[in-house]
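Take a look at the structures below.
There are two complexes below, and they share subunit A, which is joined by subunit B in the first and by subunit C in the second.
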Partner chain A sequence: MTRVSRRTLLTGGIGLAGIGVGAAAVGVGHEVSASTTDAPSTLPFFGEHQSGITTPMQSHVNFIGLDLVDPADHRVLQSILRMWSQDAANLTQGRPGFSDTEPELAGDPSRLSIAVGLGPGAFASPALASRRPGWLTPLPDFAIDRLRPEWGQTDLVVAVACDEPMTLAHTVRLVIAPVRTRTRVRWMQQGFHHGRNLFGQVDGTVQPDARRYDDLVWNDGREQPWMAGGTSLVLRRIAMNMDTWESLDRHGRELSMGRTLDNGAPLTGSHETDDPVFTATSGGIPVIPESSHIARAHRRTDREQFLRRPYSYDVPPSPGSGDTSDSGLIFAAYQRDPVVQYVPVQQRLSDHDALNEWTTPIGSAVYAMLPGPREYLGETLFA
Partner chain B sequence: MARRHQVRSAGLTAFAAAALASATLFTACSTDSPDTRSDADAITVSQPWVKALDDVAADGGMTSAFAVVENDSDRDVRIVSASSDVAKTVELHEVVESGGTTTMREVDGGIVVPAKGSATLDPGGEHFMLMGVTKSIRSGDTVTITARFDDGSTETVEAIARDFNGNQENYSPEHTGERS
Partner chain C sequence: MTRVSRRTLLTGGIGLAGIGVGAAAVGVGHEVSASTTDAPSTLPFFGEHQSGITTPMQSHVNFIGLDLVDPADHRVLQSILRMWSQDAANLTQGRPGFSDTEPELAGDPSRLSIAVGLGPGAFASPALASRRPGWLTPLPDFAIDRLRPEWGQTDLVVAVACDEPMTLAHTVRLVIAPVRTRTRVRWMQQGFHHGRNLFGQVDGTVQPDARRYDDLVWNDGREQPWMAGGTSLVLRRIAMNMDTWESLDRHGRELSMGRTLDNGAPLTGSHETDDPVFTATSGGIPVIPESSHIARAHRRTDREQFLRRPYSYDVPPSPGSGDTSDSGLIFAAYQRDPVVQYVPVQQRLSDHDALNEWTTPIGSAVYAMLPGPREYLGETLFA
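Take a look at the complex of A and B:
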């Protein structure tokens, strides 16, 4: 009896044979060993949720946007997700991927996470069409948007993040290389995390309480049972004009944001985490201008909350453009339902936000971030 | 070039540990007797993959497959032959260097997985060579590879094909190794 079950485990299902079965166990084992002082800096790959979403932000990220060559064939998508799972289960634990030709670069995971999401195009096959979440549609047109097609929606996104740029580059290579005839890389968005953005502002202050992640971030499977434990990602590329920002004095900068540059405290407070008091006035004038970023972004209802993971980008300006910089923010927002939670806030910012004078959204995309894998990413979608 | 090493206890995955535990349970009724398991039951094959083959020649194409093979028994286990659902024949190959060039050839006497150790079948080392492949194998396609051991037992795994440019060393079919 024991013998039969062992043979079945080893050779039975595609899932077990296709995935590094040992890797699953290592991922689980990490959770046990994480409390030891010399624990390796690894994040679990297997579990209820994908790592890299509510995980404390790593210092480097590369969002890879890919299109499927054969979007109508859902079995190809399933295979791609299996292969990514095979490599991710190893790489996140500091071990080489299956077809890894540079295994020496895998030994320093540095809190590596590899999180995968599906765009609307991933549901093009008849087998999957009815499984697309209702909110997985293009965002409304916002008046402030100057969207460039090269930064637009893709069928797939892979968010690779860690604290070590070499590990990041090696991992990105192994995400792309094994599936290069099945996918087309549309864009990569490389960013870095620092407590501040390139305008010097403290960024990512307002976040939902971690005790409400189950309610505000993670999908409950009510609309699409396969999505339980997943979430949504709104990925916006926001160009920041360093030249015009330079012309604004320090006081004007603080009024546009509604926070001090010193420590990010609201203009009505003294600490970053102080609640802003929008009713406070000085000489009859609101201390925090009604047009300031935080006044416009502040939630009007309890549902208007989402998880912010802002990464800065600073890439060389196009040769010959004469531009002094190509800088901005890769704004990643995670929430259970972007239509209910994210869009109303973004609409207010589009209607009016003092910061709009110096910032321009140039890329926008929405993804269904998969639930955490037990055997492989997307297993519930194909069940 | 194939890497063989002793499995360190720390390197044992929990899955392998569970397999060992179940093997222990199975053999518990015959404590202290020799390990009577078949070769296949002593072997764990993991991380299987096959190199995608997009263009198949009229007379059939060739590609290669790789895996990590672990042996938790106290004796060496030998892979003596292999087969696949997508190939007329599968040879056990090694890559050797002679005269400044590397050449693939059949492994004399099969692939040895040392006692309490493992063999890594990887590009540039020992691997399965799939010959007479009549249909393209695209990235994402699943193929089965069956390894046959010295005692006649077999182990079958399913391998997903990956786009991969390596393992292109010259093949030297005129060299015929000893077939076990």
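Take a look at the complex of A and C:
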């Protein structure tokens, strides 16, 4: 078997990059507003914010949770972020990664985004300890939680998302392989987006007004200047018990959600985006039950708003478990400050939410999502 | 919580079916020839052959392997096949299943196909024993195999495929749930199709001429009249070792396959569909090595042809395994007679194939894929 030098291999890889670029749609330099396959197929990597957060949701996602082998050495973290940046700058634009041995799989970016966040453990080194945002701490214990350590907090998260599963698999490989001696992959959470969840419910209806992203989503750098343009991610893995849910009748399921199943309209309205009227009654009984999910989740103050990006998961049940499904929701919430914006809502849902009977949070983690890179991810943290 | 009767629920479900049909493209009654999202979105359920076999490959698949709780009772098998038929006849056309509690998830069939096959164990009842095709036996032991029981032969297989992961998840649920007391799910194999595999190779190039499907793919009923219009499926799960593969240089990888990586052309040609010239030499050395995959897989006789439908899989590695990936190929081969058409090729590959160094078969099973239904799947078996 002939062996060529690493240099030749890399040169070959770079030469081939042209094929990928030629085959892919040329990037537009700003986020696309449609999610159809006709839309431009690249999202920017560089900019004020990371792509993949306010981007219209891609159809496939893989959240990768990694721990640092040596969290005390902040230079290693910096190197990891530089390596990821180099590859992400290419892969998101349809070009192969630096040591990409399957460059042909890079030519169809399909709105690929690679967004990186840091967990509390990433600030373990003395050099970074003072740079941890105050809100980057474990969430309070919620009574409904049945958290499993295998889906818990990690030092790093990489949210890879795109519209093509092969592109996703290839990219995930290039995220993990170059850092394998410096990190340990704790979990991967693969999901897909449809607009409805596996309960058949229209999901992700309530969102902050895009004109208020600067206020509600993006960090302003007031507490930690290096975080300006970043945000926070609360990632919850919520198991959904299909068997018991399906034993409930249709009307009962609509009452538990507070929305119709056919188009997601609140029970007091006719369209998905109609504002629910929680004061409406019928025969003295609230049309939208106070215990319903939307009544409990509805914001009580202006600050209780966050970006919801729900992905469904459906993986084969563990062999021997006797379960017919292992499915649920990967619930990603983005907000400037999770303590102020997310936690009060989650606390209400934990205290009481009709849906709790069929849903169980089994994973939970919080991350500081980095600002968008000018040169490389995390550059302001190390400045 | 209000409870309505099961009858009301079902009526509601049927009423809602109209929404799904209205939203979905109307079926065309024959198989579509394109795999783009603009193509008609339904495939026929009824007909001479099951859809999903010669159909242009959908982007997502889930092969479900089930065992019968009581294989001695052939009436149970018949009931299972009737239930699946009833749901498949609706779901494939964008209508909810019979006891579908999430009817809204049925409205986007996205070229959904639900194809059913029987393993040897399905013929365990005295009434069916004489109806088992002679070729429906375990494959020979191949020296390269490292088969794991969790991916082994089952009594039944259901191949669910479509272009939309939520439709897939919903359909899989409706396949499993109604038969849960009568079957045990042994495995699910979720895959995706791209045209290249995770090694970056163009895959599935060599296929029988469509004009010869009647001869090479479809059963003619000569041995078992009830099988006329059916076929056989060999399902192999082949782990691919990404780490060692990627340590090989590009030229070495092309030599091991016998094709270029950029467009899949044989090393003696310039286009994917060029016929390889195994006699060509350069400096006295074969251009396509005799040990290469395509040299070994190339048919030696006219009968050694079968339909290749390779899907990739990429699932999170087992926690604690230390692996960076758990990925490979779900290789589905369809042919009239696996013993005559498939086994000789597989034997050659087992004896020697350069790719064996990086690939390991870990699952293997054979099924009699039922003829297409007039009224319900398996009707000729029970006639």
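Just so we're on the same page, the second predicted complex is superposed on the first by the 343 of 383 C-alpha atoms of A that agree within 3 Å, B and C clash if a C-alpha of one lies under 4 Å from a C-alpha of the other, contacts with A are read in each partner's own complex, and residues count from 1 in each chain.
Throughout what follows, a residue touches a chain if its C-beta (ideal position, glycine included) is under 8 Å from a C-beta of that chain, and two chains touch if they have at least 3 such contacts.
All values derive from a computational prediction rather than experimental measurement.
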- Message: Tell me the contact category for A:Asp314 with respect to subunit B and subunit C: first, second, both or neither.
- Response: second
- After lining up the shared chain so the two structures overlap, which partner does A:Thr324 touch, if you call subunit B first and subunit C second: first, second, both or neither? second
- If you stack the two complexes on chain A, which partner ends up touching A:Asp249: first (subunit B), second (subunit C), both, or neither? second
- Counting only touches as set out at the top, which of subunit B and subunit C does A:Ala115 meet: first, second, both, neither? neither
- Query: In the superposed arrangement, which partner chain does A:His194 touch: subunit B (first), subunit C (second), both, or neither?
  - Reply: second
- With the two complexes superposed on chain A, say which partner A:Phe98 touches: subunit B (first), subunit C (second), both, or neither. first
- Task: Give one of first, second, both or neither to describe whether A:Val76 is in contact with subunit B, with subunit C, with both, or with none.
- Result: first
- Query: First (subunit B), second (subunit C), both or neither: which does A:Ala177 touch?
  - Reply: both
- Message: Quick one: is A:Leu261 in contact with subunit B, with subunit C, with both, or with neither? Answer first, second, both or neither.
- Response: second
- Contacts on subunit A seen with subunit B and repeated with subunit C across the two complexes: 2-3, 5-6, 9, 101, 177, 180
- Note on the structure: Listed in rising order, subunit C residues that touch subunit A in their complex are 1-5, 8-9, 12-13, 16, 19, 37, 59-60, 101-105, 150, 164-166, 169-170, 172-173, 176-177, 180, 185-188, 190, 192, 194, 196, 198-200, 242-243, 245-246, 248-253, 255-256, 261-262, 312, 314-317, 319, 324-325, 327
- What residues on subunit A touch subunit B, complex-wise? 2-3, 5-7, 9-11, 14, 17-18, 20-26, 28-29, 75-76, 79-80, 82-83, 86, 90, 98-99, 101, 177-182
- Message: Going by the contact rule set out above, which residues of subunit B touch subunit A in the complex?
- Response: 13-19, 22-23, 25-26, 40-41, 44-49, 52, 54, 66, 123, 138-142, 155-160, 162-164, 166
